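The structure follows.
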Amino acid sequence: MTFDWSFVQRYAPFFVNGTLMTLFISVFGILLAIAVGLVCAGVEIARIPVARQIVRIYIELSRNTPLLVQLYFLYFGLPKLGVVWSAETCAIVGLGFLGGSYMAEAMRGGLEAVPNVQRETAYVLGLTSTQTITRVILPQAVSTAIPGVVANVIFLFKESSVVSAIALADVMYMAKDLIGMYYSTYESLFMLVVAYLVILLPISIFGTWLERRFDYERR
Amino acid sequence: ACGPSAGTPSEAKSSDTGTSSSANAKARSLDEIKKSGKIKIAVFSDKAPFGYVDKDGKYQGYDVYFAEQLAKDLGVDPEYTSVDPAARVDVLTSNKVDLVLANFTVTDERKEKVDFAKPYMKVALGVVSPESAQITDVSQLDGKTLIIAKGTTAETWFEKNAPNVKLQKYDQYADAYNALLDGRGDAFSTDNTEVLAWAKSNKGFKVGITHLGDDDTIAPAVQKGNTELLNFVNDEIVKLGKDNFFHKDYQETLEPVYGNEVNPDDIVVEGGAV
Amino acid sequence: MTEPETTCKGFEVNHLVKQYANADKPVLDDISFKVEHGSVLVVLGPSGSGKSTLLRTIAGLEPIQGGTISINNQVIDAGKPGTERAGRSDRSSELRTRIGMVFQSYDLFPNKTVLGNITMAPVLVQKRDKSEVEAEAIRLLGRVGLADRKDSWPHELSGGQRQRVAICRALILHPEVLLLDEITAALDPEMVREVLDVVLELAKSGQTMLIVTHEMQFARAIADHIILLDGGHIVEESYDAQAFFEHPQTERAQQFLHTFEFE
Amino acid sequence: MTEPETTCKGFEVNHLVKQYANADKPVLDDISFKVEHGSVLVVLGPSGSGKSTLLRTIAGLEPIQGGTISINNQVIDAGKPGTERAGRSDRSSELRTRIGMVFQSYDLFPNKTVLGNITMAPVLVQKRDKSEVEAEAIRLLGRVGLADRKDSWPHELSGGQRQRVAICRALILHPEVLLLDEITAALDPEMVREVLDVVLELAKSGQTMLIVTHEMQFARAIADHIILLDGGHIVEESYDAQAFFEHPQTERAQQFLHTFEFE
Amino acid sequence: MSGAEILLQPGVFPRLLQGLWVTVWIAGVSVGASIPVGLLMGWLMTLKNPVIRAAMRIYLDFIRIMPQLALLFLAYYGFARWFDWNLDATGACVLVFILWGGAELGDLVRGALQSIPKVQYESSYVLGLSPWQTFSRVILPQAVRRMLPASVNLATRIVKTTSLAVLLGVVEVIKVGQQIIDANRFQFPTGTLWIYGVIFFMYFIVCWPLSIVARRLEKRWSND
């Protein structure tokens, strides 16, 4: 069996569309995850009584169950309760649900890594609590949290490949589709690998740059 | 070592594990199959009444009924592998199974990749839709969403002949049906036998198009060039045809579902003669 | 204010009581002392005797359960029983800037340059003019021998350099009293020297200071006034460093000083 | 061996040269000294003068480029030029056990208890009987005041306790010479004292030792013999600690000692 | 009709448990086999040889950048044809999880080995231990401690990722669930919700204890 370049040329546009779908779902899913993560990390750091327990339970549930099952539950399970979300909504909510806990842990780690003496120094220098948070704590927390957040972003991009199971036409869906229709396994897998490299390599490189940019010890 | 199995006692995973490699992906000879005492057959596990797993976890259905007979005549036990529609070619080309008996429609593209035996069934495509918004003609689907399962003839047909239909593709039949039930698409298309059977037991749904495309045949498939097994299967089909075996199969597996709405001769092919 | 001359100009602690939550007795129990304006108090004591705690209560980092802390006769903190679990004192920003503190750990803000570290508080808190503050910062850096490092990042500095910057950061607010808690404990000997030389310099220039240190030679050289803490109390107090180190009065002090001598 | 009595019983370094890879000149350049059996050599010098390097070459941790290191006239390491990038010396296990070393950082094996730390090497390397070794370990722990901590884990000990265990771990091999590299540099003053007391004890019992320290009082008390390193050379050597500290001969030594004095 | 009753049907729970067993089996075998692979990879990653270094880097980065699902497809469909390597779906899953687990674990091993302070090697040398004694008695036990919490977390990730096996046709817990949903779709139209709900909690019950163990270990060993 030989590699059929003309097949690749013919169906490359499919993969471009698939890539756009992957980007669409991932970007919104990740933004949601970051928002959820911020709220949860805030709740945990501030030790808000009841909310804190809820956040703990959420984090355990989200971290210990697979995204595919979460998606099936949202997509096929919820309609039985009368809640019908579109596949896109399910995918974004699913990614946000899964990613939120990972983001929360990374951000909490960043905040907790700021030594207490930094807060004390700010106090002694007369800074107000807002000034302390914005000028002293957050910049340092961001610096420590970034590597974790970047790793999570890449992780979530990859996880998004399972949305094909709920009929969203992402790159994975395209690959499976072409294999199923034309039995062109090589070519489809080749385009799949290329598509993920095209999406994730720049993100990985950007992530490394970002880590450097915010690493006060190294720039 | 064997992987564990779930679902059925009768089903065991392939006996060669992931890390063991055979010299090549060459198909097993009849002798090898006999010697191993097991024939590996790919069937559906969620496509009642053709191939499904019943409440006791046993494989059942029209395809499985035939598979049981084949294995018996070969003097071995059947070992079933659950496949998705889209995987049916690949399980053969990569020699994961000896035989595919999964409602496999004979098409020209597929003939290039696998060898089909004589047919044991014939179908055309059908389209099922909610009674409240019946689809009775393909043109009604323009701009609408049609649910299909990946790797089925329905997919290929609509891709080729109805570019204005938005296709929503699922890996598995179970998912596709669920999507239809939840109103995620306007209709679902696959082999007409299948949709007929489904619509019959799902209130509120009706098969608006019963016959679409050419009349296709359904046949067992083996790896390309595995003539030994192919010949055996062909001989079986001819031999069984003499006893009207497939009508009996129909009675056992399909009739309880189709009732008398369908004429068995519209579906069953005896002795490989269409 | 028209206070009579006789009262203390400087810094004063009266009957201070400090207890940590979950502890069965106070770490500091009825501590009183005065530090005259322009003089240096050295606080000595074994590990765990409450030296750091004393400096932290004065800086407002710990709530106190009894007594008062005052600067120039103005009470800035008064003890309230039952506040063991309370947070930091709610002093105004302005009051806090009147007391400077440098910690043992190199606590510069890692996200700001040397200059940024020094100028942040005067600009943000005292609302002083940025260019004026920068000019003063550079002057201070010159005084501690770091004029050329103003644009360095904290991690590029040695421990000794960081502590000198931390001193500048405290000094630029013109604190009436400067608290130094074992600022050389984590340094190599040569760096210890360069930091302590800066502190000796400061003492000469008349900066009021409270110093916790384990460098006995240095303590002896700099102290105008010494207190020895143990078991929550001041066990010996002296205004004569020479006399304290050579002829300590109490047995506890003799025993303590012996730790630092061999044979 | 039937060496004449006149030769050195003890430990000797001759014309030692040590250069690090990528460095343009040696850290140690033609260093020679002898340490009589049962005596204590204190190595002084400013930071970066090569004190640690000297101890590490003696322990075999660094390859040397010239000169020899010998114990009781037996050469255990001879320099070879061009070995800057070589790994540790390929001394036999047996030879290595004849030189003990304790480092500044608390280097106990965190995965073994106190007893496990001490008994591992004699059992594994010297093939001694386990129960005999344990009995000796307990005796040694008693000597350093830790008899009751034999089943503790390293992380449960204070820094001072860990260093005392590290000393026991070295002593149980009965090394002919013990190298101590700033073993109290990371400790609180009280702990410094408890560790140095153990070392003083050892010196009295006749253990040959090479000590690097910044505690001048301690150095003065323990040294039979002092060398001051600077710029890769021995700039001053003395067999009279009293004299060295009070009337250092060279200007460099005066300057060095001044770092530790205030006013 | 309440869909929850589907769970009370005879055979439903036992079959789901059987499916779960397949999931756990794949994860267990993969994790078990990842350990030696990871140790080997980790050791290779610490080597200074530039060729090995680069090869390990590319291997690790490729595995990290490719979604597991893509790797599964590569292994299942690609390998059999490219190398005539006959893997069934379960085999492909196990292979991918070992390659992936081995790479990630290898990185943990590398990190752990490199985080052991140099003075530990030096103390061992000075005490006369041989290089092998040093590695087996001093370095390895410490490295294992350091990497254990993260390794347990990796194991939970592998368990979770086995859910992708269904997309290759492995009859594990999700596929069993789909079969049950399909077989009962006339009697229990809302069975979907309940079956997926139960599967959700089954994963949770397998992974959660591992997460707890990881957190405990982290706390316990963070102080030394």
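A, B, C, D and E are the chain letters, set down in written order, and residue numbers restart from 1 in every chain.
The rule we apply is simple: contacts are C-beta pairs under 8 Å (C-beta built on N, C-alpha and C of every residue); 3 or more make two chains touch, one makes a residue touch a chain.
Which protein is which chain? UniProt says A = Amino acid ABC transporter membrane protein 1, PAAT family; C, D = Amino acid ABC transporter ATP-binding protein; E = Amino acid ABC transporter permease.
Since the model is a prediction, treat every value here as computed from it, not as a measurement.
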| item | value |
| --- | --- |
| Chains in simultaneous contact with chain A and chain C | none |
| Both-way neighbours, i.e. chains that touch chain C and touch chain B | A |
| Relative to chain C, chain with the most remote C-alpha centre | B |
| Most extensive contact between chains (C-beta pair count) | B-E |
| Furthest chain, CA centroid comparison against chain D | B |
| Separation of chain B from chain D, taking each centre as the mean of its C-alpha atoms, in whole Å | 81 |
| Gap in Å, rounded to a whole number, between the CA centres of chain E and chain D | 48 |
| CA centroid of chain C to CA centroid of chain D, Å | 38 |
| CA centroid of chain A to CA centroid of chain E, Å | 20 |
| Chain E residues counted as touching two or more neighbouring chains | 77, 81, 167, 189, 192 |
| Residues of chain C touching at least two other chains | none |
| Where chain B touches two or more other chains at once, by residue number | 87, 90, 93, 171, 175, 178, 181 |
| Full enumeration of touching chain pairs | A-B, A-C, A-E, B-E, C-D, D-E |
| Chain C to chain A touching residues, read off their complex | 59-61, 88, 93-94, 96-97, 99-101, 103, 105, 107, 109-111, 120-121, 124-126, 153-155, 169-170, 173 |
| Parts of chain B lying in touch with chain A, wherever the complex brings them together | 85-87, 89-90, 93, 109-110, 113, 147, 150-151, 155-156, 159, 168-171, 175, 178-179, 181-184 |
| Footprint of chain C on chain A - complex, ascending | 115, 117-118, 120-121, 123-128, 131, 135-136, 139-140, 143, 216-217 |
| Footprint of chain D on chain E - complex, ascending | 117, 119-120, 122-123, 125-130, 133, 137-138, 141-142, 145, 223-224 |
| Complex contact set, residues of chain A against chain E | 1, 60-61, 63-70, 72-73, 76-78, 80-81, 154, 157-162, 165, 172, 175-176, 179, 185-186, 189, 192-193, 196-197, 200-201, 204 |
